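My questions will all concern the structure given below.
Note that the chains take the letters A, B and C in the order they are written out, and that residue 1 is the start of every chain.
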Amino acid sequence: MSSLDAQAPATHKGLHAFLAGLPGIDQVGAEARAAALGTRSIKKDSKLWAINTAISMVDLTTLEGADTRGKVKAMCSKALHPDPTDMTTPSVAAVCVYGDLVEAARSVVGNHIHVAAVATAFPSGRASLAVKLLDTAEAVTDGADEIDMVIDRGAFLSGNFSKVFDEIVAVKQACGTAHLKVILETGELKTLDNVRKASWLAMKAGADFIKTSTGKVTPAATLPVTLVMLEAVRDYYQETGTRIGVKAAGGIRTSKDAIKYLVMVNETVGEEWLTPNLFRFGASTLLNDLLLQRQRMLTGHYSGPDYVTID
Amino acid sequence: MAFDYAPAPESTAIVNIKSSYDLFINGEFTPGGGTPFTTINPATEEVLATISEANQADVNRAVASARRAYDKTWSKLSGADRGKYLFRIARIMQERGRELAVLESLDNGKPIKESRDVDIPIAAAHFFYHAGWADKLEFAGYGSNPQALGVAAQIIPWNFPLLMLAWKVAPALATGNTVVLKPAETTPLTALLFAEICQQADLPPGVVNIITGAGETGRMLVEHPDVNKVAFTGSTEVGKAIQRQVAGTNKRLTLELGGKAANIIFDDAPIDQAIEGIVNGIYFNQGHVCCAGSRLLLQESIAEQTIESLKRRLQTLRLGDPLDKNTDIGAINSREQLNRIIDLTKSGEDEGAERWSPACAIPDKGFWFAPTIFTNVTQAHRIAREEIFGPVLSVLTFRTPDEAVEKANNTQYGLSAGIWTEKGSRILWMANKMRAGVVWANTFNRFDPASPFGGYKESGFGREGGVQGLGAYLNVEDPS
Amino acid sequence: MMNNNDRVEIRKTHKLFIGGAFPRSESGRTFEATNSSGEFLANMAMASRKDARDAVIAARTAFASWSKATAYNRGQVLYRIAEVMQGRAEQFVQDIQNSEGVSIKKATKQVDTAIDRMVWYAGWADKYAQVLGNTNPVAGPFFNFSVPEPTGVVAAVAPDSPSLLGLVSVIAPIVMTGNSVIAIASYKNPVPAITLSECLATSDVIGGNINILTGDPADIMPWLATHADVNALDLTGITSAELITQLESDAAGTVKRVRTAPADPDFYATPTLSRVRAFTEIKTVWHPMGV
C-alpha cells in the first residue's frame, strides 16, 4: 500500500493508484454475507443488552427545513431521558442538528451528551470550499463537538479523488477538537467498490468516523454497504493500529434492524467496536421502537405508542 | 464477551418422532423382517427411534411393489398427471418444511439454520422443477417419445438425507419410473416422513417405496434382477463395488461419488467474499459435502495474509447444538465418521503439515470436530489427496494460473472447483480448464434443481438436475 | 491376388496405427486375416498389451491439443477424412468384398454410408454443444451455463460387420467431441481398418488422436479396461456377454464410463446423439451477476 500522509495533500496519481489497488467486492457475495449475518437469532439477555447498547449508540436526529428552536429543544430533552417511565434507560450518544440550531441543542443537553452538527453544505455538498469551511467553523464555535460533513460526490464520481481528499483534510482542520464524521452518501456512490474506495479515502484523510448517508437519499444505510465500511475499518486498523468509527444513518427503523447491525459489527470488526465511541445509528424513529422493545422485555407484555413520547 | 448470543433453540415440539418405524412398501408402513437398529441424535448420542431392517424378502416385496405400480398404474398415467402428483408433494414439503428441518437436524446433526434455509427448500424445489418436466419430455432432446426405464433402485448418503432423496426421487418419478429407495442407516427419519407425505399426496401405492437398512440391504437391492436402473450417491469405494455388481446386467447406472475440490484464490480475488467462499466451501455442513472445497489453493503472494484473515474469520464460527439457530457448525454424523476424520488429520500432522483450529467449546456428549486448517500442505500429503469429509481444510499455494490448473486437476476426483478472481477473462479461462463437473466462480456451494450436478473421473458419472439429469432415467431407442 | 497382367504385385504389410505412425506389434506376433471362404487375405499385426499401452500414451498426448481445437477446426478435420476416404472408395469396396464376401453393390452401399456418416459427424462438431449445452435458469443472481466437454481417452471395439461402417460409426462421434480413441478393429474383418488408417494418416488428424489396433479384443481390452489413463469404453463390437461383464467390472476400478450397443444394431440408420452424450462430460459453471 502506498504511504499517504493524512496531513499533507495527496498526489493525484498516488491516491488514484492506491484506491485502484484496493481489492474488489463481489456484490452478490457481499449481500449474501450481510443477509446471513441477519439470520442470527438474538434473544433474552443478549437482546436486552443489544437494545440498551443500540439506544446508547443513537444520534437522535432532526434535519428538516421546518426545524425550530422549540423542536430541537424538545428532541434534546428526549435524548437525555428517552423513557420518562423508566429512568434506567440509557441516554443516547448524541443529538444531530443543522449548524444554526447547535446553540439551542447545547442549551438543553449541556455537557451530558454530544452535539453533532451537519456541515459543508449538507446534504448536497455543492458549494465552495470557503462556504463549507465557514459552515463548519460556525457550528464548532456554537458548541458542536462533532461535525458530520458530506464528501463531494460529484468530484468522487468524476474521479477527482484529490479534491475529495483535500476537502476532508481542510474540514478536519476547521473542526479543531471536534470529532469529524465523513458522510459518504453511499446511495449516490451506487457500487460497493465505490463505497470501499470512499471509506479508505476518508480514513486516510483524517476521518474519525465514516458515515453511510445523509438520510436525504434512498437508499440510505443498508446492511451490505455497512458491511463494506466495517471491513474497510477493520483493514485500516490492521494496517495502522487506529480504530475508526462507523455510523449507519437513515432507513434503520426497527429494533430488529438495529440488532442486525450490531451483530454485523460484532462479527466483522469485533466487540471493541460495540461502543458509542466507535459505532452510531443516525436515526429518528428508531429510538421509539427500541424503547417499545425494551419495555416489552422488561415488563413481559407488548407495549404501545402511547407509552413512548414523540420528540 | 461483550455480545454473547443467548441460546436460541428451535422448538422440537413440531416433530412427533415415533419410538419405532416400519418399512414403506406399496403405500403402507409394514414391518421389516431383518434385525431392527437404532438411529441416534449425533449431538447428544440419544436414541431417536428404532428402525426396521429390510431383509431379502422385504427387498423382493419392495421391488415387486414398484414393478406392479409401474406396470399397472404409473406407466399408464399421462405425464401431466404424474406432474400433478409431484406438484402436490412439493407443496406438502413446503407446508411441513419446519417439521422436516427440525427432524433433519435431529437425525443428521447439521445446524437448523442449514436444514431450514438450504436442505428443505431446495428439496421441495427439486420436486417443483421436475413436476413441470413430466409432460414435456419430448422437448428435452431425447427423441420424440422417450420411455421410462421401469424400476429404479436408489441408494442415498447421510450428508443431505432429504435433499439427496429429492435429487433421486423427483426425476425418476417425473420421467415415469417407480422407485425403491434406501436411505442411509444413520439418517432414515426424513425419508420415512417423506413416505407419510407420499400418503398425504395420495401417490398411487408402490410408486415410491422406502426400505431402511445398511450396506447389506443396499447390496440386495442393487442385486435384484427386476431392477432396471441403479442410482447411487456415496463413497467412491462403494460406488466402484456397485459398478462391479451391475457389470453385464444391462442395468443402467449413475454414480455420484467423492471429491477433493480445489478452491483457487488469485491475488486479485474479491478477498472478503473469497474468505466467505472458503468458509462456506469447507465448513458448511461440517464439511460433509462431496463437492466441498477441501483444498485451498492460494496464490503465493497473498497466502500469508489470506490465512491470517481466514483464521480471524473462523473465530466467529459457532459450534454446538444443531437446534440452536445461531449454530454454524453442527455435529459430525457418526462416531465412525468422527474417527475417520481424526485419523486423517493425525496423518496430516505426522506428515509435517501445520494444524490450527480456533478455540471451540466442545460439548461433552455427541460427536464434534472443531474447524481445522492445515497449512504447508503439498500434493504429496494424504490430506491433499484423500477425501476427509469433515471440517478440515488443506492449504496449498501456487505461483501462476497454469500451476493452479495443474494442481487443481492433479487428482483422481473431478466433482467441483472454485475460482476467485476479479478478472473476467481469467474466470472463463480457468473454468474452461478445470476437469470438474461443477465450477463455481466467485461463489461456492450453490445448488439448484435446474443446474446439472455430477463429476468427472472417479467422482462418478451421470448428472442430476437440469435437462441433462433426465437422461439417466429415460430409455432412448438407439439404432446403434 | 494375381493381377490381370503378368506384373508381380507389391503386397501390403498390415501394421498397427499408433501415434500417427505404422509400427508392427512390439510382440512381433501376427494373425491371419481370411476372406469369407476362409482363404488367406493378409497377415495382420497382433496387438499386445504393450501396444495398447503405447496407444494410450499417444492418445493422451494428442488429447491435450485435440481437446483445445475449436469446434470448427474439428469439423474440418473430420470432413477432410471423408474427402480422403472418398478418394479411396474403390479400395474400400474391394476390402469389404474380400473380407465380408458381400456383393459389390452391398459393399458400395457400405462405403458410401461410411463416408456419409463421417460427413454427418463432421457437421455436428460445431453444433452439438448447442444441443447438449444450455444456460440454466437458477433461482438467484447467477449466470449458470452447462457445456459438454470431451471425456478424454476412449477405448473402443468395432463390430465385425459392417466392418468399415461400424468402425467409422464408433470412431467418428468419439473424435468429433474432442476425445482421443484407441479403436480395436474387427478381429474377423480387419482389412478395411488398415485402409482407413491410411486415410487418417494422410488427412489432418493429429498423430495419436486416432489409433487403430488389430488383434483380439479379448486379449487387449482387459488391459485397456483397467488402464487408469483411459476414461471410457465403447464395447460396441463385443458380442460375448461374458466378456462384456468382465470388462464392465474391470472398468469399475477407475469408474470408467461404459457404452454398450443395443442387441441388434442397425448401423445404416441415422444415429441418435447417444454416442455423443456417452463420451462427453457436462460441466456446469456458476458466476454471480453483480455490479
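Please note the rule applied: a contact is a pair of C-beta atoms (placed from the backbone, for glycine too) under 8 Å apart; a residue touches a chain by one contact, two chains touch by 3 or more.
Only a predicted model underlies this, so the values are computations on that prediction, with no experimental measurement involved.
Colleague: What chain lies farthest away from chain C once each centre is taken as the mean of the Cα atoms?
Modeller: A
Colleague: Just by CA atoms, which chain is the most central one?
Modeller: B
Colleague: List the centre-to-centre spacing of chain A and chain C in whole Å, with centres computed as mean CA coordinates.
Modeller: For chain A versus chain C, the centre distance works out to 70 Å.
Colleague: Would you kindly tell me how far, in whole Å, the mean C-alpha position of chain C lies from that of chain B?
Modeller: Measuring from centre to centre gives 37 Å for this pair.
Colleague: CA centre of chain A versus CA centre of chain B: separation in Å?
Modeller: The mean C-alpha positions of chain A and chain B differ by 44 Å.
Colleague: Provide the list of chain A residues touching at least two other chains, using ranges where the numbers run on.
Modeller: 26, 28-29
Colleague: By the touch rule stated above, which residues of chain C touch at least two different other chains?
Modeller: 140, 142, 288
Colleague: Among the residues of chain B, which are close enough to touch at least two other chains?
Modeller: Residues 442-443.
Colleague: Across the complex, what residues on chain C touch chain B?
Modeller: Chain C residues touching chain B: 131-132, 134, 136-140, 142, 144, 146, 151, 169, 228, 231, 236, 241-242, 244-249, 251-255, 257, 261-262, 265-267, 269-274, 277, 281-288.
Colleague: So in the complex, which bits of chain B are touching chain A?
Modeller: The contact residues of chain B facing chain A are 1-8, 113, 117, 268-273, 276-277, 316, 325-326, 422, 442-443.
Colleague: Spell out the residues on chain B that touch chain C in their complex, using ranges where they run on.
Modeller: For chain B paired with chain C, touching residues are 125, 141, 143, 236, 239-244, 246-249, 255, 257, 412, 427, 431, 434, 436-443, 446, 448, 450-454, 456-461, 463, 466-468, 471, 476-480.
Colleague: Along chain A, where are the residues that touch chain B in the complex?
Modeller: 23-26, 28-30, 32-33, 39-47, 49-50, 53, 231, 262-263, 266-267, 271, 274
Colleague: Which stretch or stretches of chain A touch chain C in the complex?
Modeller: So the residues of chain A touching chain C come out as 26-29, 31, 190-192.
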